[in-house]
Amino acid sequence: MTAAIDPAQMLRAGQAILATQPFSVLLGAELHSFTPGHCELHVPITDKIRQQHGFVHGGVVSYAADNALTYAGGSLLGGAAVTSEFKINYVRPAIGERLIARAHAVHTGSSQAVCRCDVFVLTQGVEKLCAVAQGTIARLPAAKTS
Amino acid sequence: MTAAIDPAQMLRAGQAILATQPFSVLLGAELHSFTPGHCELHVPITDKIRQQHGFVHGGVVSYAADNALTYAGGSLLGGAAVTSEFKINYVRPAIGERLIARAHAVHTGSSQAVCRCDVFVLTQGVEKLCAVAQGTIARLPAAKTS
Amino acid sequence: MTAAIDPAQMLRAGQAILATQPFSVLLGAELHSFTPGHCELHVPITDKIRQQHGFVHGGVVSYAADNALTYAGGSLLGGAAVTSEFKINYVRPAIGERLIARAHAVHTGSSQAVCRCDVFVLTQGVEKLCAVAQGTIARLPAAKTS
Amino acid sequence: MTAAIDPAQMLRAGQAILATQPFSVLLGAELHSFTPGHCELHVPITDKIRQQHGFVHGGVVSYAADNALTYAGGSLLGGAAVTSEFKINYVRPAIGERLIARAHAVHTGSSQAVCRCDVFVLTQGVEKLCAVAQGTIARLPAAKTS
């Protein structure tokens, strides 16, 4: 039904979108993988994204989950997509060098996709799970994106 | 059981904590109200917190909800507190001058509080609801905060 | 845009729908109030809906929340509606005579409504909060209801 | 740290608990698998658990998710456990012969476990995903179980 998607081109297209999100640029977010229904988004950990105990602020972890969910779901919906809702459980303080959010779609309908995301923190080459999320991604009506 | 809390002092104490969160400082977040079980947190809308369609990035809206939930719940738990989990529904694109997150506790137990939050966007003096959230705030064991 | 709704007629219509839900009949659920955007659903507490500790089973509490959310949201969407997703926090064991779930819509769009619900347990005339929920109600395409 | 667990004995113990839940008995729920951190719970689909469109009522699907989450998390916490909170996305109407809820723990702390659950509907030998859930299971203080 669709022409074959060139993986490298899809990743570059995803990275180009990320570069147009000022907030993602502010956080230094990087799209490392982007295939239909899947996404891997990284956020390098720097001092400016911490909270008062030195952990990455939960808001950054939820940003990473939210954005990864949107990419994973949006890749299957066609056109612009937004997160309608999501839920996140923080399971471990995020201390380390890099957040890695991996999301995938578990079900795709005509206008919505339900996705899950695992957020890991990378420390000295070891990944540890720090949050899990689940949410709904909705295709944005064309009129709402402009 | 507790001495009377001076409202002005409580607000200043909350603002002092916010000032120690580098990520909250990065976003320019402001604590406007902080009483037992309640919190009002603002985030001025600037270009750097937008996504590619010009709306405030969902990650910033979820940050505001998350942090407001933590203040509302933490004020009733004593000591440091963190958000264990929360859920957010985005109901309207956030376009305007300022995000206003108002959270309150709906139930407080010995070590956890369940809280709700409404996030509004302020435009030309009018507030519009842009997201609603619900989550669990947990008292952090002393050992985990240092 | 709509003709005035007769409140008594709306309640009877809602009760008639409830009577066509075998599971609601099995639980003895009762619709006590049903107005645009609002609903109050009761479940009398009997032995058959308990778990092993004598509390009402969480599954019954979540049923009450889910169904009340659907009524509250569905009343504003027109036509048949279903719960797309919801989240529930249990805050107190449900011990008493009756569950009372009160739901209301917080935002209504063209095809979805976001709603909240409080579930109380009634004991000797006193209501105590036992759960809070939040979720999305979607209008069901006509083809899916038959 | 723990003695080896006999799998058959663990399953029988789980089934014995299920048999003491009147609501689970009412629904005819069956525990098919129960190992540390994992659970598979079935609910045979009969007319009494449907809603007005002939689908299994969402409340039954959420019961299956909730109970499976509790088993999966509780198996790792020791002692009695309850679901503190969970979130569920319904992705397909449940029409078929049997609900199958499979849950597993994704993280276990000292007093809580975060778990995920997939609920399938079985029709003529084929399983289809109908809901996904995520939630927190908490060990119940001994005093609250009696």
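Labels A, B, C and D are assigned to the chains in the order they are written; within every chain, residues are numbered from 1.
As a working rule, a contact is a pair of C-beta atoms (placed from the backbone, for glycine too) under 8 Å apart; a residue touches a chain by one contact, two chains touch by 3 or more.
Given the structure is predicted, the values throughout are model-derived calculations rather than measurements.
With centres computed as the average of Cα coordinates, no chain lies farther from subunit C than A. Between the interfaces B-D and B-C, more contacting C-beta pairs are found at B-C.
Between subunit A and subunit B, the centres computed from C-alpha atoms are 22 Å apart.
Between the Cα centres of subunit B and subunit D there is a gap of 33 Å.
Put simply, the C-alpha centre of subunit B and that of subunit C have 29 angstrom between them. Touching of two or more other chains is recorded for residues 84-85, 87, 89, 114, 136 of subunit A. Chain contact summary for the complex, subunit C toward subunit B: residues 87, 89, 91-92, 106-107, 109, 114, 116, 118, 129, 132-136. Across the interface of their complex, subunit D is touched by residues 84-85, 87, 112, 114, 136 of subunit B.
For subunit A in complex with subunit B, the residues that touch the partner chain are 17, 20-26, 47-53, 57-60, 62-64, 66-67, 70, 80, 82-90, 93, 140, 144-146.
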